[in-house]
Structure formats: structure tokens, C-alpha cells
Amino acid sequence: QTALAEDGEIKVGVVAAESGSFVSAGNTIAAAAKLATQQINDAGGIKVAGKTYKFKLFIRDDRTNVDTAIAAARELVNDVGVSAVWGTESHDFSVSMAKITGSAKVLQFTGNSSLGGVLSDESVAKDGWLHYTFQTEPQEWQRSTSTAKGVLSLVGPKLKTPPKHSVVFVGNDATGQYLSENYVTALKAEGQTVDLVKYPPDTTDFSPLLTRVKGLNPDVVHFWYNGDSTLIAFPQALKLGVAPAYFLFGVDPGIYKERGLKADQPVTMSCVPMCWGSAPFQAVKDYFEKYFALGAAKGPQSSVSLLYYDYFFMYAKALEQVGKLDDPDAVVAALEKMQYQGVVSAVPLSFNDHHQVTFATEVCLAEPGSSDKFKCAVEAPPATAPKAN
Amino acid sequence: MTLLTVEHLYTAYGAVKVNHNVSMTVDEGEIVTIIGPNGAGKSTILRAISGLLKPKQGTITFNGRNVTGLSADRMAGLGVVMSPEGRHIFGDLTVRENLKLGAYARKDQSGVDADIELMESYFDILAKKRDAKGSTLSGGQQQMLAIARGLMARPRILILDEPSLGLAPVMVKEVRSVIATVRDKFNAAVLLVEQNASLALAVSERGYLLQHGQIVASGPIGELRESSLMRELYFGEQRAPAGE
Amino acid sequence: MAALEINGLSKAFGGVIALGGVDLSIPDDRITGIVGPNGSGKTTLFNVITGVYPPTGGSITWHGEDISGRAPHQIARKGLVRTFQQAMSFPGLSVKENIQIALERGSRQLRGQAPRWHTPEDLLDFVGLGGRGGDDAGSMPFGNLRRLGVAVALAANPVLLLLDEPAAGLSDGEANMLADLIMKLPEMGIGVCLIDHHMTFMTALCQRLIVLDFGTKIADGTTQSVLTDPKVMEVYLGGEL
Amino acid sequence: MEILIQQLVNSLSVASVTILIGMGITLIFGLAGIVNFAHGEFLMIGGIATWFFVGMGLNFFVALLLAMVVVGALGFVAERCLFRFTLDRPMNGFIMSIGLSVILQHVVVRVFDEFQKSTPDPLGAVWVVGDVHIIAMRAVVVVITAIVVAITYFGITRSRYGLALRASVADQATAELMGIPVRRYVTGVFVYGSILAGLGGALMIGLFPITPFVGSVVITRGFVVSLMGGLGNVNGAVLAGLVLGLVDGLSAGYGYPEWTDAYSLVLMIVILVVRPQGLLGGTLGPKAS
Amino acid sequence: MTMEFLNLKVPMALGGAHGKAPAGSTEGAGNRGRRIEQIALAVALIAIVAALPSLNIGYRFLSIAITTGYTAIALYGLGLQFGQAGIMSVGHAAMLGVGAYTAAMLSNHLGVGFWAALPASIVFAAIAGGLVGLPSLRVSGQHYIIITFCCCALLVICLTNGGKLTGAATGLDVGSIPRVFGINFDKLFNYYYLVLAALVITLGLVYAIVNSSYGRTLRSIRENEQLARAIGINVDLHKIGVFMASGAFAGLAGILQVYYLRHISPTLYGAFPSLYLALMVMLGGGRLIYGPLIGAIIVNFLPEVMDLNPVDSRIAYGVALLVVILLLPGGVSSGLLAIYRWICGRLFGRVSKAGS
């Protein structure tokens, strides 16, 4: 069932939500894929065993519906015969799809943080069901630690006394449940006492829960994970005077500026994975220029595209290294060993032995009273997982 | 003066034809009865006149004005008011509210309270059950309420579909006098469908005999009662085939 | 002892006393009539007997068994089946299916007898609706609907059939035909208890009349004697018939 | 103590938006006999329209009035072109309204985009009393809700329209025989309910950002309020809205936060089982057989 | 109470809103010719559907056909409940959820595989159906609908907060179906036939129920509860019975779903999937035997067929729904049936007498 390229084409697929409730994240994947494949093809394609191949991209909408996602995966894998798939952005779909791609030896790149929960020695081993699956979001403890360090180091100097008590405010869905555990651990490792408050997904009026948070007397409130919800909750928190400092995960400085958000308190924010509103590296800046030039929308989720972009290049590089198109096992082996200098990270990207990528997270501080002055930092990813003390 | 004229009326429910070429008149202050076996289409004529059912063909003229096809609420506004078969009391509303609704189309809201008292004097049960919900009334009590509710509109013509249904003999007599009152006091005509022979014969002046959706005889009620169909129907002198 | 024995039965709705301690005995091999002014509690009596409302006080004994407070379907299965004052059917179904449903239910309560009607058509013929089986029960004229109501109740295989104003809306001629039909029932082993205001109909059918007024029994006896009772004449008949 | 007072203040403001949604639904459901699942989308469009007009440079409160007009017109068209034809089959109307909600969501996505929309806080002020923060815009929402409740109460419950509407939903044909222009009234109620949705949406975007998908989040609460209070019962909607607001405020403040949504659901089921006609009693809605 | 009095269509309870049974409905299909016609149609349909995979239709199509299949099974339960007993639910996905989670939890915590879990899923979903049905004995149609919606939301909250037991928001994974007679169900074709077999059994059972005296009993409850009680029908018992039957079919659908997706999470069983189930039944028509199947086919395949821009396709989809509901209030199946009868009438020169 291996996808054999014909006429110098390598078929690759994307499954993403172009409609339905995940549409804002889903659209960014398709946009990134188009940009990456176009760049690779324009630069002369992929040279394998002396022959030149171009990527042929098949994009399928999953309508934020798992049945459609599976049908799309089946189609791409069995009918179209792609050799690799990018997507999806939601956990359930990725997992269900991995069962299809894995058994057909089709590579799958998915920027799904909670996938970390199932990537294990066993599942990524040679006959494991995730052997062909790669997680393109950083390992959660890495992101959590570099974020926690970044937030505390930026906020600390702005407060009268160093922050000691953090409250993590997170949506009670799959990603939220999985992510918050790691972040709480990371904060504890940085010496914080931490309270975790989960809000039901789809909450619109946060004032009762925020008042509860206020009652906990936090030094810093961390709005974790869902940028859209954070953008609803944060202004309410400001009005209720919930805390002396805030951290907004997944809120891009670009959005902060666009919304004209402003606070007297220090506010930090971070993006998944790099911010388009205040990009730390020239490469990222260039990337977003091209990305938005293609007509992609500027939203809280725009950065998600970066979780997919680099991996087209990595995959192309791996194919060239292997020199064969019909040996997915060799491609996996090549990827496992590869160091690739991508856009998303200052240090080369690489996968660990659980097929998880490593890179740092950018954290920015908005100067109190301003909506467009940012100070950003990228904490180097830690080498080992933190332990709460 | 002719108040209501029906000319060449045809009615149907979907493909089921009911009335064929029905023509009739009601004069001002007159009491007219339509008589006919079960399923002859009596109620259907009344529905067409009161605007609940659009006629397939024919014209209905009221007070010199062509009212064919007007909706029921417009007809009520003009003074054509029907008290339907099977009472149709608003079960969730109180007796008083039911009466008030009867007067909905009236412009002179001031007279309404006085009329409610009048109705309560005709049917004393309505006073006793003033605040009871319609659904808790007994069948006969509901029937009285339905008639009173129709009267509350101060209609020019009151259409009653089987008003004596479910009434005790003593109340049937009461209804008889109320119908007479309608004409005398309210100055209204009455168009009646009634199975109770003694009531129909006692109150009405003229009648139409309906069979298979068509008018087969008409005239002063005294003459009609001699017709064979009428005898068969009302007095059971001969058996009509069942299920007509 | 009669099949249905009612002792001191009372029913109050809030302040309204619909039944104020009624004693009755109704046999299941005859036709018994109940009359009374509007609102005197006749329908309520049926409702309480058939379990639609629990009684406020008193007892109902059916063939020696106390059935007060039982659920309506349990009472129906014991052979006490009623019709409704507002004629009822299963409106969205065909006339035939209306009867079939009840027949199937009734055939499970045969109490050792042979079924009286084998097919819906038999029963339709019996009530004079022969050939109407395909009609939609919801769009029948009033009179036929009444007949269908009786047919459905008969199909449920009653021992005592409680009819609430079966002749309402029928002309005298039609009422006579219905009376002929009801007359046949006791011979078939079905007792009848009947409410109606149609006096020619009642006098033709019932040898015995019970009169209720304000929830109490004011007369009980032969039709002749009851109808000449001055009290009944006053409250119910409003003078001579 | 401040926290408790703050929670009570919050509850009141949560309750008022809920009341506005619930009141629109209770009128449309209980008095016009239409189960409009797209009511949430009507609200969303009210919010998006406000955002659009504010973006054009209009004052927030002018935009709010325009949004009410827009949604009212939408309601008029929907009733005249769609729900009119399903009055006798409420379940079909219900399914149709689901279709309508899909259409409205995606038309908004098509015309604008799928991202959150927000307007600057129209008032911006926050009054701090002790340590209790009273957000000016929320206070305004409470006041507007109170005014609307009063208008509705006297306009619908106290006038003869209320009675006529209750009669119409119970038995349309007989109501017509009484001279009640049932069709016109149904349209009227539907449009009025829609205008309330428009107002709710406008006020909502005055409080926090909304997305084209917000309708489906608020709609359940609207139905819960209308049934809990009693269909068609304005007072009932107010009471139920307050109860829900209080339950939300207190459970969020003192319960297990991840179970926040469950408290009000359980409460509603219990109330409906114990009092099927709702707390204050109402119509049976689309005629129950 | 006379329903059609005054000849205005009386608005019926939200529950039983299909109006009159369309001509030629399965209800009381007594006529022998019609029965032969039905059997022939069923055989032809099954033959076509069974032959589909060999026509090289592609995996995408096949996948969607599987989804359609198990959705249709759940819809048949809902169709019984709504079409026959007249009680609608917009929380039916919760019943699927109980079936699916029963299987997944048995597999994860007790190592019980597909075949052993199958009866358990059906039984648990049936019990859940009965429990959720209890309030319907007290509250009226439209109130009950909202209760089902809330029950569904509650289930999702419980599953989301169920920790290890339910896999919380992340959900649970299951393995493959153990082979029987050497059939490997990991092959999509084989899974397709498994679902097809389940669907055919469902169809047969539903057909039998609808045409049995039990089916008639349910319809009598739909049409007039009070009268049904008065002739000795235990209305409450049968209502709960139909909820349990409906739940059982949903349970079957649920276990088929979980072993197809191989991974489930609470959001699959929330408000939206539930609404779509209700929508499919209404669209296809709850009272005709092929109604639920047609509804499932339309909803699952329509977006595929109209593969416009996703946003446009949603709009077109909504518009199509409005048009269907307005023009064919009895559902697409009744519209198709009318066309079929019309053609037959034309072809054979006889006017179909059904329903006249």
C-alpha cells in the first residue's frame, strides 16, 4: 500500500477543519501546507535517486466531524495513496486517524499537544501503532517549563514582591485537562504555590469563576490554553480586579494590539508556538509576511500554522536522504535522527525518541498602560522534565 | 332585510367534496335551522360561513357585502360569530377569561363587563365557576360557556353548531329561551344546526334540509316537519341507512 | 350483591365537591341509566370508577374486589371499560386500526369466553360502520365518531360497559339505531351503565334510572317512577317531559 | 464577604442576559407556539450587527437600536417565509429552525469571518465599592433588562393581548372565531421576541467578545429558562433567570468549578419533574394532544 | 377529543407532529400485494448495498457508508420512539454514548472484547434509555424534549469529569475486533459488512415491531393516551419499553461506532450530534420504514455531494433542509413514496387507493 510517486509527483495530504467549530485553527494548517509545498516545488522540488519530484497536495476538510476526518484519512491513504498526512488539530481526530495512517505506513504529522499522552516507548516502536506519527508541537513539559520561566521572569520585576501564588485558569476539555497538569508542575518547580480552576468549555460569562479566582488572592493568574476563551475572560478579569498580574496563553501580541487591550497590571502572553505580532526571529517575521500575503486571516490561531510548516521541509529532506520513495520505515528512521533548522525555532528541530519535537516558546510582556509595547523573551527549552517541589 | 346570503356554495376537504351548490339566506332577526343526518355537511357549511374553511366555489354575502373567503377573525369583526361544535372552551383559561375573549372583536370594551354579568344571569353556573379553569367544567357547563362566549361578541348573526349537545333537559329549555332572547334583546339573527328536534322546532322559523351535502328541501319549519326525510331523521320513523 | 358496589364514594376537587358520598350498586347483566343536571357528578363518577381520579373517600368493589385507587389500565383489564363524553378515537389511524388495537388488547382478557368479534370488520358491521374501515378516524363526522368510540370500547372486551353520553349529537333517528345496538349487549353478556341527557333514548333503553344532583343520589328506581318524581322533574327535567 | 457580595452582583448581571434570551424564547415558544432553535443565532446577529455599526463609527447605543431593528426584520422574514408554514407541525418548525441556525452562522462567517468580534466597552467605567467591583456596562444591562421586563409585562401580560395570545396557542381556530387575528399576532410576538434577541446580542457584545457560534451556547439556557419559569410567562422567565443566575454565580464561586454547568441542568430537570408546568405555570406551548 | 374538528389542522404535541400517516405507510400494511412489493424492494436494496464494495467505490465512500450504517441503526431506535410512540428526543446521542462507553470501558478496564461487550452495550444503553424516559411520564412533549437535551449535556459533563474511568475529556481507545471465522474486521470491507448485517437485523426487527400488535399499541399511545389507558393499555410501561428499545438500538450503534473510530471522547455524544440525529429522522421521515435510512444517507452524503467551499456547502445544506421541510412535511421518504405511487399509477393505469 505504499504510495508510489508517479510522473515525478509525491502525493501528500492535509486533513483539517475548514468548517465547523475548529475552523479557525483548521484553516491555518491548510494555509501553511500550501505555502510550504509551493515553496518546495518552486525551489525545484525534491531530488530522489537522481530524479526530481514535486509535492502534490490534497487538502480535505473534516468539517470538525470525526466521521468525516476518518473518511478523509481513508480516502487520502487508500484511494489517493498519499505518503504522508498533516493534521488534524484536534486530539480525537488525530488518534483515530493515526490508526489508519499507521497501519498503512503513511507518515502523519500532527500538531497536537495532548498526543503526548499516548506517544510512548511502546506505541512508537517499530510495530507500535504510532510508529509513523510525529508530534509537531513541543513536548508539554518543555513548553510548560519554558513558558513558566518566561512568565515569572518577565512579571517578577514588575511586581512589588516576587510572585508566589499562581492560579491557572483553564478550559475543561481534552487539551486543557492534559496541558494544565504539566503547567502546574512547571510552576511548582519554579517555586509557586498553585491553584487550578477549570471552567466549562464554551463559557461566555466568566465573572462568577473569575470572582472565585480573585477570592484565592493570586499574584499571577495564568489563562491557559484556549486563546479565544482567554480573550473573552481577560477583559472581564481586568474589570473585576482579579490579580496584580496576568499571563495569557495563546494570545498573540498582534491580537492584543489589534483589540486595543490595555492594563495597568503587567500582562504577559505567549503564542503557539511563535508570535506573529511580535516575532522574535527574522525567519519567523519573513514567514508570517509571506503567510499573510497569501490571504490568511490574522487571528489568535494564525501561529498554529507554524506547527505544520517546517515539517514539509523535514519530510522532503528525509526523502532525499533515504533516496527511495517506497521505504517509509527508512523515512521514519531518517526523521528520528534529523536535525533541521526550521523557522519556528532558533535551535535546530529534532524529534526525541517519542517522536516529539523540541523547541522553545516565546513569551512577551505588554508594558502596563500600553497596547503595543512588548518585551519578549525565548527561554531555552529545559533538558529534563520538571519535578514539583 | 336579508342579512346573510349563500349562493352556489361548494366545499371540500382536500379531495373529499362535501357541499354541492348550497344556496340559502338568513334575514335580519331570523332564526334558521339546518337539519340533516350525520355527516351531511352541516358543520362544514357553518365553517365556510364563519371563515374557518375557504369555499371552493360560490359567494357569501353579509349585510350587502361580499365576504367570501374572509378569515374567521375578520368575519367575527363584522359580527358573524360562531360557537363551534364540540364547545372548544379554552381549558387553561378561567371562565371569566373565556367570556372576555368572546368579546375580543368588540370595540366598546366598556359594555363587556355588563355583558358578562348578563351572561352570568342567564347561566348562573358561570357566576359560580367564574374563576375556575375551563377544563374543570362539566360537559354541559362547558356548553353553556360556549354559547355565552358566542353571545359576548354581540353578534349580528350568531351561528350555533349543536348548542344543546350534552345539556340536561332543564338546560335545553334554558337554551331555547336564550336563543329567543338573542333575537329579541340582542337584535341578532341565529343560524342553527341542531339534532334535538324539540329544540329546533320550537325556536326556529325556517329550515333547510341537507342530505349528501346538498339542500333537498327548505321552507317554514312547520312545513318541513311534515317532509318524510325529516320525520325519518328526527323521529326515527324509518331507518336511514347507517354511516351516511 | 351486584357486580359493581359503590359505597360512600366521594370526590372533591379543591373546594368543589363533585361527589359527596354516593352509594350505588350496578349489575353487569342489564342496562342501568344515570342522569342528572349538568355538573352533578356523572362523568366524575365514571372517572373515579375507572381510575382516572383516585376517590377522596369511600370504596368501589368490583366482583368482590376493592379496585379503588387502581390505575385505569388495570381497571379496564378487569372488564370495566368506558367511553368518553367528548367522543375519542386514535385520530391519526384508520378506523380499522383503531378497532384492531382494542381487539388485540381485549383478546388478552377473554376470561375464558370465546371472543365475540374475530376481526375488526365484524365489529364495524355490528356498530353500523361496515365498509368504513379505511377512513381516517380523525376526520369522521360526529355521529360516526361516537359509534367508533363504542366499537373501540366493545373491542376491549368489557364486562360492564360505561357509556358517557353516547347519543349526544345524534338525531332521534340515529339515537334509535344506537339504542337497538346497545339493547343487544346484555344478551351478549355485557352489562351497560349509561349516562345521557337524551330522554327518549334513555327511556327506551333503561328499566332503571339513577339520578344524581350536586354529587349525591337523589333518586334510584324504575324509569317510570324516577321520571315522575317531583324532585327529579324540578332539578333535571324542568317540568313535564 | 466582599467575594460573596461580588458573586451576588455578578449573578444579577448573568441573570439579566439570561432573562432577555429566556423571555424572547418563552414568548415565541409559549405564545406563538414556535420552537425557534435559531433564536441564539438571532442574538448572535444582534451582536454582530452592533459590532458592524460601531465599526462604522456609530455610538454603541445607536448601534444597539439599529441591531434591534435588523434582528426584528430578520424575525419578520423568518416568520412570514418559514415558520408560518409549520405552525401545525411544531416539530417540523423546530427542525427547520436548526437549518436556519446553520445558515445564519455560516452567512455571518461568509460575510465577515469566523473570528471573535468585540467592541470597545461602551462605558468603560468600573465603580469600586469597598472591594466590590461594579462594572458600569453590567449595571446598564441590568437596568435595561428591568425596563424591558416591565414593558413586556404590561404590554403582554396585563393587556388583552396576553389573553388573546394564550388562547391562540391553545386553540388557533377557536381563537380566530373570537375575532383574534391569530396570524398577525403570531407574527407580532415572533418579531417582538426577535427584537429582544437582538437587544440581548447587542448588550452581550457590550460585555464581552462573541463569535458566530455563540448562539448555540446560549440557546439551551434560553429554553431552560422558558420551561423552568412556565411557557409564555414573563414573570416566570424573570424568576427562572434569577434562579439560574444565582445557581451559576454560587456554584461557580463555591462548588466544583468543572461541574458548573451541571448544577443548573440538574436543577431544571428536578423542577420540571416536580412542577411540569414550570415554577409559575404557563401555557402548554404548541398544543399538546 | 376530536382532533380534526373545525378542519383546521390542530397543532399537535411537539412529540407527535407528523400529522396523518402518509398513504402506504408501513403502519398496518395489510395488503398482500403491498407486502410483496415491500419484500421485493428490501431484497433489491440489500443486494445493491451488499454489492457496493465490489464496485470499487473508494475508501472515502465506504467509510461514509459505514458511518451512515451505524447512524441509521441509532435512527431506527429514535424512529420507533418518535414515529410510533410520538415522543421525540434531541438527546439521543447520549444513548449512543452509553453504548460506546460501555464497550470502551469494558475493554480498557476489564479487557473485555467486542463480542462479549456487544450485549452489554445494548443492555446498558437500553437501561439508560429507560431511565432518561422516566420524566416523560410526567412532563409533556416539548418539555420532555428539552429534558433529553439537558440529560445529554449532563452525560457529557460526567464523562468529561470522569477521570481515569471514562478517560476524561481525552476519551478512551479500543483495539480491533477479534476475528471470527478468520474474518479480519480491520479490513474496511469486512467492517462494512458487519455494519450492514447489523443494519439489516435492525431493519427486520423494526419492521416486525411496527407491524406487530406492539407497534399498534405504541401508535395508540401516540394518538390518544387517555383512550389507550381506558381500553387497558399500560401506557407508562410501554413508553418506558419503547425508550428501552430505542436505547438498545442506540447501544448497538454505539459499539459499532467505537470499534470503527477506535477512539471516542465525550464531545461525540453532546448536543450537536444529538440534534443531527433528530434532524435526520425528521428529514427522512420517522414513520416510514426507509425514513431513518434515507435521513442518514442524506445527511452523511449530502455534504459530500455538494462539495462546494465548506462554508457555502453548509449554507446550501441549510437551505436544502428548509426546502425539504417546507415541501415534504412528512419527510423525504414520504415524498419519494408519493412519487413512486404516482409512477406506479401511471404505469399500471390504476390509481393507487392508498389512504383514500
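Labels A, B, C, D and E are assigned to the chains in the order they are written; within every chain, residues are numbered from 1.
Here, a contact is a pair of C-beta atoms (placed from the backbone, for glycine too) under 8 Å apart; a residue touches a chain by one contact, two chains touch by 3 or more.
Quick caveat: nothing in here was measured; it's all calculated off a predicted structure.
Using the contact threshold fixed earlier, the set of chains in contact with both chain B and chain E is C, D. The chains that touch chain A as well as chain D are E. Centroid analysis (C-alpha atoms only) places A farthest from chain C. Note: centroid distance chain B to chain D, computed from Cα atoms, is 43 Å. Separating the CA-averaged centres of chain D and chain E is a span of 31 Å. Centres computed as Cα averages put chain C at a distance of 49 Å from chain D. Averaged C-alpha coordinates give centres for chain A and chain E that are 39 Å from one another.
Each of residues 86, 139, 142 in chain C touches at least two other chains. The set of chain B residues touching two or more other chains comprises 13, 52, 84-86, 88. Residue positions of chain D touching 2 or more other chains, listed in rising order: 106, 109, 171, 173-174, 258, 261, 284. Contact residues on chain E toward chain C in their complex (touch as defined above): 1-4, 7, 16, 18-21, 27-28, 213, 216-217, 219-220, 222-224, 226-235, 355-356. Residue ranges on chain E touching chain D, taken from their complex, read 1, 3, 5-6, 8-19, 88, 135, 138-143, 145-147, 149-151, 153-154, 157-158, 160-161, 223-224, 271-272, 275, 278-279, 282-283, 311-312, 314-315, 317-319, 321-322, 325-326, 329. Across the complex, chain A meets chain E through its residues 18-19, 23, 61, 63, 66-68, 70-72, 74-75, 77-79, 91-92, 95-96, 99, 103, 114, 117-118, 172-178, 200. Residue ranges on chain C touching chain B, taken from their complex, read 13, 16, 35-40, 42-44, 85-86, 128-132, 139-144, 147, 165, 168-177, 197, 199, 235-239, 241.
The touching residues of chain D, counted against chain A in their complex, run 3, 6-7, 10-11, 13-14, 17, 106, 109, 113-116, 118, 120-121, 126, 128, 131, 133, 135, 204, 207-211, 213-214, 217-218, 248-254, 257-258, 260-261.
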